[in-house]
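Next, two complexes with chain A in common: one pairs it with chain B, the other with chain C.
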Partner chain A sequence: MSEARSGRMVALGRPNWLVRAGWVALGVYVVYAGSLLNVTWDRFVIGLAHGAEFIGRMFPPNVSRLELLFSDMTESLEIAIIATFFGVILSLPVGLLAARNLMPVWVTWPARLFIAVCRSFHPVIVAILFVKAVGFGALAGILALIVASIGFIGKLFAEAIEEISLKQVEAVRASGAPFMNVITFGVLPQVLARFIGFCTYQLDSNLRNSTMVGIVGAGGIGGTLFAAFQRFDYDFVCTILIAIIAVIMVAEVGTQRLRQVFQ
Partner chain B sequence: MIASQEQWVRFTPRQRLVRFSWYFGIVAALVFSARNVEIIPEFLYDAPEQVADLVSRMWPVAWDYYPTSVHAVMIETLHIATLGTIITILLAVPVGFLAARNITRSTTLNYLAKLILVSSRSVNSMVWALLFVAVFGPGAMAGTMAIAFRSIGFVGKLLAEALEEAHPGPIEALQAAGAPWISTVTKGYWPQIQPAFWSIALFRWDINVRESAVLGLVGAGGIGTALDASMSLFDWDRVAVILISIFTVVMLAEVVVTQLRKRII
Partner chain C sequence: MHGLRTDTKVESGQNARSLVIRHLDKEYVRGVPVLRDINLEIAGQGMTAIIGPSGTGKSTLIRCINRLVEPTRGEILLDGQDLVKLHGKALREARRRVGMVFQEFNLVERLTVIENLLCGRLGYVHPFPAWLRRFPEQDVARAFELLEVVGLKEFAIQRADALSGGQRQRVGIARAVMQEPRILLADEPTSSLDPKTSVEIMELMTQLAGERGIPVVVNIHDVHLGRRFAQRIIGMSGGGIVFDGPPDELRDEHLKLIYGGENWLQ
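Showing the complex of A and B:
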């Protein structure tokens, strides 16, 4: 560490050509990738005009269909709450199985692969598959968000378990406790606070995503939002967006409180 | 037993009341949701057949579809994620500076910056994509802007936190030596926040690779367009190729980010 520091100090005086080359490469990339987007000045100006018209049509927000908005929003919230509950329950064993300091390799490897698969797909993509499997509606959204929750909590939970102190585990083991007791008295007390933190984060994230899975027909307000966009009902879009943002902000404050109370 | 002996209790009565009301609220919300949510059981009986059908139609995977139609949009997805992240950084740095209370001494400006950050985060990337598709028309341009605007909140917030945690010593030394503002930033703050900065940028890029894969579902370019097209035609063997390539790229991105983090930080 100190050697690295002193090495850096020496290099401070003269230009670092490697870093400069990196910046040049970055600039070249931006120009190249930007050219692929077909951004022309005309298009940008037309886009701005479109944007102004778009915003003009959003206001004033349309409040004539508040009942529909309310029932869809409730469904989104229900999806998020149920999915978080089952996601949390399922991610406990999955995370335990994936912890390399407690489990043999032949157990952690499949568990880690499972977590990686759950994590690498956006909930909306998973929702598509579940819509095919269980049909349109809230159930597909719930299942998709359960998968997302397992991916997120499972990974962080496994990492938290890998960081625990093994002394307490050994102490419980030395007293002749069976495996389940080693878990409940040696492992869980050390990670419970962080686990609650992960769960509240996931509740937050599930709330955000439950407003989106509707785009592919998996229930919640997303379907109504997408339909309003396609019918150019931009004033209703505006109402829905305001409602979503309000719910997410309230939920963010709520989950923050929850963390404070239980940690 | 001594009557006056006080027993230690972990929580005060007030704490216990608060915790109990949270427990109660959570259970009530769960019960209400479970009773109220609309699940059609007939669809559920059908599920095993549907899954079997899905798997049988996904197999054999249409590998020959990759070079003709998937590769180009996959590269586009990566461009959307990378360019979006770069634009985000350009936009988020000034907002981050405004939000950092030790740099911007005005509370009004702090709150304004926080408002920008919160609104960027509260709107999902798919909603940003819908908005930008309405503005710029369908295509990768809308996707890039969606990724950029969605990430400002994340990058700006973490950047502001890194700036607030910066040690004031070097900055005071520079100021005492009469350094102009820009030198305080480049020689005082930048060396301190550099590791955090690169780690934030890499982390967000990793997330953006994942997110840009779905933007095509609403017409904002990338591999989502191919996914949408294959699904509308029920070409599940092609969907399988697309899903496998998304999985591979996401895994590769994670490996790249982990390796780069080790090198840089």
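Showing the complex of A and C:
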């Protein structure tokens, strides 16, 4: 034993020169791309000074417009909750149709395509589309977040269904149960807890995003936040940011509780 | 291969509650038969045990009967109706008349015990009331009665995953009996259980089916258990039936033929 410990270091297996070359190439590319985008140390240092000044102007927070803050924040919450509600209801059938162990290929294929389309754009981009389609306001934000919810919950729900035990499903089928009863008694009990988990994550995510879609005019606190930035009202920006953080933290605790109930 | 097959004195297919299998073949892969030309008549009552080595198609045979596995060729007549030809609703209605007990119990783990029992009635309840967990009063009453018979009354509203193996299989049997089936199939119902529990499970199955006049077909790898409880033994080997007769006619030479070799008998 002691001989082995005092011996030379030995490599396990031969060095893979292809992998090493890959790492070097990645390093070279990062430096090259940085130079293209004019990323320099000088700019970073100057930027830090600007940042410090900006943060200095944020304090003390401006509390003179709490009414506006409150009404916008309420709108954001409404957008998030309504979008989660309809998103969850719609993602249930979509996820079910996309599960490859329950449905034939000609059903899962379109369902998976639909989910992929819902997932391919950031909610803000979808919100821009809906603002063009239905006009400024909360409706556009709600629709954008419904699309995001279907994409997220639908995908995870389908994957959860694909992991269930088919033995339990087989037993329900063997009793002669029609398809919908097989779903409600054989499939859903196995995925319900996880589904609730996905829904609470999505509620969380929708709360965050509902404060953002306002930037493109789709309702909620985001519009006010953006306006405050542009008018250099950094003290009011600070108040809004604190309010958003508070809401997200409260939501975090709330959704945590909700998940525990359904475990 | 069929040299040792003995004739059985079973009434023909006109008898209610009887199962007749004619020329049943099953190939999972084309040209590789798992079951070859199975011909069987199961009488209106009593227990029939199918014994045979692993991989000889016992489980496939049982699963062909309620079409969890699709037969390749042949006829399976239950009460004179050919199950092989059925599709969709007709198939589901036929499945309601065939109860099944599984090797690994196959309870819905996250449902309560009483909900698992009521799964046996799902073929009769429309989706919406089922979703709301609304079942006919007599079904619920019968489920509680059966639960008491199998000795699990106090577990009614516990989740199935809280039960032990033996308790789960009791629920599995009760679920199958809830269907009020014309025939009860059991696919290795005791393989996941200890010897004492295995005997209790076989006793329970015999008792419940006997009281209700339901014939039982059970796959079983434990020959002693099969002999003890069945009135008829069917020995399978290589996808065919090589022995068919009462347990006291089953001799060592039959077992050699069924399982191959003889060293294991000593």
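We take it that the second predicted complex is superposed on the first by the 243 of 263 C-alpha atoms of A that agree within 3 Å, B and C clash if a C-alpha of one lies under 4 Å from a C-alpha of the other, contacts with A are read in each partner's own complex, and residues count from 1 in each chain.
In this text, contacts are C-beta pairs under 8 Å (C-beta built on N, C-alpha and C of every residue); 3 or more make two chains touch, one makes a residue touch a chain.
Remember, predicted model here, so these are calculated numbers, not experimental data.
In the superposed model, A:G34 makes contact with chain B only, not with chain C. Residue contacts after overlaying the shared chain place A:I215 against chain B, while chain C stays out of touching range. In the superposition on chain A, A:I89 contacts neither chain B nor chain C.
Shared-chain residue A:S175: touches chain C; no touch with chain B. In the superposition on chain A, A:F121 makes contact with chain B only, while chain C stays out of contact range. Judged by the touch definition given at the top, the superposed model places A:L258 against chain B, while chain C stays out of reach.
Applying the stated contact rule after C-alpha superposition, one finds that A:G47 touches chain B and leaves chain C untouched. Contact comparison for chain A: of chain B and chain C, B touches the greater number of residues.
No residue of chain A lies at the contact with chain B in one complex and also at the contact with chain C in the other.
If you check the complex, the residues on chain A that touch chain B are 26, 29-30, 33-34, 36-39, 43, 47-48, 50-51, 54, 74-75, 77-79, 81-82, 85, 116-117, 120-122, 124-125, 128-129, 132-135, 137-139, 142, 208-209, 211-212, 215-216, 219, 225-226, 229, 234, 241, 244-245, 248-249, 258, 261-262.
Note for the complex: chain B touches chain A at residues 15, 18-19, 22, 29-30, 32-34, 36-40, 43-44, 46-47, 50-51, 54, 76, 79, 82-83, 86, 118-119, 122-124, 126-127, 130-131, 134-137, 139-141, 144, 210-211, 213-214, 217-218, 227, 231, 243, 246-247, 250-251. Residue ranges on chain C touching chain A, taken from their complex, read 66, 68, 89, 92-98, 100, 102, 104, 106-111, 115, 119-123, 125, 127, 130-131, 172, 175, 179. Across the interface of their complex, chain C is touched by residues 165, 167-168, 170-178, 180-182, 184-186, 189-190, 192-193 of chain A.
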